[in-house]
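A, B, C and D label the chains in the order they appear, each numbered from 1.
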């Protein structure tokens, strides 16, 4: 990694710098929010309302950020969430991300819509990697994808279920289109059902352009297909969390898809406690959405999250400095997390730390 | 409809574009708010505070936005509220609106102050239309208007009762005046009592310039006059809702006249539950005011509304692209509504959908 | 009144226009707020949080804004609060204000610090006038002032007790000074104790520069001196309200001196209910501070105020158009009040109107 | 003190003026906040939410701001908090601050990181001074510092425990560095353990770069070392407050280090009541952080604080006018405090004044 780091001291610096570097349509695609961006604002406010309780003169010897998930140990609780088409933001795309993640022992969740072959990504680093799966209407294609992920050595499957449809207004308004040299290479060969174009007088979605979306039966079928741990990503309702547990799934990711598909849904950090209660903490529950500070991570862990995922921030790192930028973003967050732990007398995550102040 | 659609992806785009196109005095007239616009801001905040509860992996087959009102079926729950003088905003005025509404199966509530004859509007489209009535001091004139609406085939009467007087400060400040070629053609021949001009030292309103306003007895008289369904528009108090039910009216529209006549009144969406309770859901209760997103509609329906009405937004569509613009505005809202339904696992409106998250 | 009215449709227009006309030091003196202006912002928010409950189809015949106070009847509940040195803002000063007040049957409370002789002000109009009194350390001077007010025909005494000391930061920062031709003419001949200048190391106030301030015993002495009704202005605490009742005073004005002397005190409208309860509504309780809309007045009356006072707004009217401007400001407020009454079904103030919506 | 005072009427004026005079890196160092500055904003809001209750006609004779602490009497409850390197802001540095403090009978807490010898500072003024101590890993060095403070005549020790580690992002971003002529002269000779530089892939803090931080045992050791009163600065948790009492410490300072080390911790003024309860008011509890107005001081005293400390504001005074500026800042605050006392009928601090309005 011979290039130099940008002049960035926190994730806000990276976002500001990346916004200047990334072309407007790609930025609109990356930053895109549904509706008025209400959920994103509520999310920042929800984290800001949670307050940390400083403790003094505590013994911090042996403090560590280590966590365990599905039998594996990771140095810290920060994962990289699935994001499509990394090559839009840096020519090395997913390869650079895998290298940056590997260098910081950061689990990377590779997107079904990666712009690089899943085997190549897996080969780019010794670090932990999971594979994110959109269950396709073509079951054979889905099964083949799973087999490829197993064969390549991915450690878990992350099934995204919170975005069966999306209006993508901001990306369309900005004229975003995939350039010809970038596509979802792992989906090549998949024959997608062409949606019926809707007319002004007809139902925009229910009239035929709603793509076939997976249902619970498909998840059960997937469960029977593989012995890899399966996490369901996008669970927000306690009822859906209970069902996932009953279906034999191994973990949950509380997510609202970064506020991209439906506005005015609750912040994930507010939903987390009810989801944890619904599964009685019997399986790991991770959370993503809006993590921008080490204090955010400590708050999520204090509420019972097993780990957190970041999405847009590591793309900012990628855009600025490739693998090094990805590693730097993780490092900045981890430094903030460790300072926050030290100042709240928190020495580790074996149990949820009591770092929150009374409201 | 040969013209092209404006580059608009949601109602905010339409508002922004329309503001550039519409001349300042007409815009001030259209956008006019009483006082400081407090009610409008509170309304946006009230919708934003309501939060949707995402559900995953639900079976959406057969999902539909269909509703039934007064024995008729409509494709979706979006109605066009009565707005005066459409010809201020497009030369085709109410004719274009009727065409755009008809093309999208959108019930249009034609204003007493339409700038086009009510028979001509009715003839412009096969779509559903209701007639909005201001009860006039001249009862014979009022009765004649009702007979014309019946004869023309309007499906219901909407009696507006929330604006017996208004200061119209923003319109006056902007110098708004009706141009000579536009008038309330359906009121031609009505002799209005000239209000007493008030002096600086006298009562501005109670001293004589308050126009005679209808009272409950007038509504009873109207009830006896026609078999058309009658909706009372502008009801905000549970006591008035109960009285309307007792007077044999067929439906209510919870409305504060778009915040145009009295500031610092509650948002309609906040008043809706108490009004529903007051009539025990025995008659349909519709709601207008501040609907700008499909998520707003789903929230109103989840609280028990039978349908919603939009006002200023379809005028923005009219100003930008005539009938096509009106249809497009409805289509955009409906698309957002269907996406919101799909992502909350909501398949229809036979009962109020449980789409709201706990606060 | 031959001059023309400014292009103003509400009090915000008057404030905007007056700010352009009044020189910066005088504006700073007029608009001056203690600290950060927190109380003023809280006051606006407090009024805005109160919400009006619209009613429809009510019978408004005979509606009136009339009130009774101390045996007299007034056309409306808007009074002009005592403001010093009107001649800073218009050459006709208090004379113009008295004329504008008289033309609109608006009780004017003349300040001890008027820039015009109290007898001349009283002679300038047939309208109702009260005299505001600062009790002076020189009791004989105070008694003489009271006798002059009695002789001139003032209808009540308003004793201001909420500003024994003030830092006047904004006025000092702007370099405000009284011009040589303007002074507190009614205090001529009064020998004021020269305050001890404070040094950096000493007590700024308690060390000697705190002017002698009246105490309860002085109020009792005043009570014994005159048969005029006495109102205490500046009462915010229920304990002080009870004491005033026990001292035989005739009325209270809940006031925080327009936020000029101490910041972060509660809005008067929030304190009003506790003050009313403390005196068991046995004497009239008026309120000032932040009244800018007719809806504000209706809210204060609905909470039990007997009347309201405005201060800065009528000075804006004075600065713009002399007596006519003062009358216009009152007229605009009254028009807004009457519209608000009509739309909430309120026909008068014999009892506190039930115009407020549930929170 | 021959120089003239700047045109400043309150602490906001001083901040504004100082920001123009102080060079950007030094300003960034002085104003530096952790994270997003959330705690600073919450602090302002917390003070602003507390509201003062005006009282009228109270007898203020004999009113005084005097307080007693550790057997000594001080003219007013404003202390100067420890701030490092005063010579960054004025060539006379700590000497000027000591003179300004002395001239206003203001206790000065001298920082371990002072840029002037602690004996020289003590000699510069007759006024009260305490010594702030960071317990160093080298115990002999720590003990020697304590002996020097005792010998020089400091009246108390203030042990800061809330900043064992800090990211100092804003100072680093601005390129702040100590100039060669300024250093922590009182720490000369101390051999600091060189922190291990962290790599992108390693633990930023726990991996070795976390400097050895004091624990409770070190505090006990210090207690045994000296008979000076010891205050613990940085206590936010009731548990830590109780422990401090049990360890025989003499006082507490509720502090979050001005929001410089950890963001999103509660405002000190909100934590104060729980800390007071934890020690049952058996030892003095002081508070710092965000005091900018006399009303803030009165609020803190009303909640039970024994005194307050200001930090950045007196540095603004120092930067603008040396000793005179420091004295002026204290004087302005004290004047505001006395006005606030007078208008709430508060005559002193022997008991916590009942100056707060009900929320």
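Here is the rule we use: contacts are C-beta pairs under 8 Å (C-beta built on N, C-alpha and C of every residue); 3 or more make two chains touch, one makes a residue touch a chain.
Computed from a predicted model, the values in this text were never measured in an experiment.
Enquirer: For the copies chain A and chain B, give the interface type as same if over half of its residue numbers appear on both sides, and as different if under half do.
Expert: Mostly different residues form this interface, as fewer than half of the numbers used are common to both chains.
Enquirer: Would you kindly tell me how far, in whole Å, the mean C-alpha position of chain D lies from that of chain B?
Expert: Roughly 60 Å separates the two chain centres.
Enquirer: So what's the Cα centroid distance for chain A and chain D, whole Å?
Expert: Each chain's C-alpha centroid was found; their separation is 42 Å.
Enquirer: If a residue has to touch 2 or more other chains to count, which residues of chain C qualify?
Expert: none
Enquirer: Graph of touching chains, which shape: line, ring, star, complete, other?
Expert: Here the contact pattern is a ring, one closed loop where every chain has two partners.
Enquirer: Of all residues in chain C, which touch chain B in the complex?
Expert: Within the complex, chain C touches chain B at residues 7, 9-10, 12-13, 47-48, 50-60, 63-65, 75, 103-105, 293, 295, 299, 324, 327-328, 330-331, 334-336, 338-340, 342-344, 357.
Enquirer: Over in the complex, which chain B residues touch chain C? Could you list them?
Expert: Chain B reaches chain C through residues 35-36, 38, 42, 161-162, 164-167, 169, 172-173, 198, 200-201, 203-206, 210, 213-216, 218-219, 232, 234-237, 239-240, 256, 261-266, 271.
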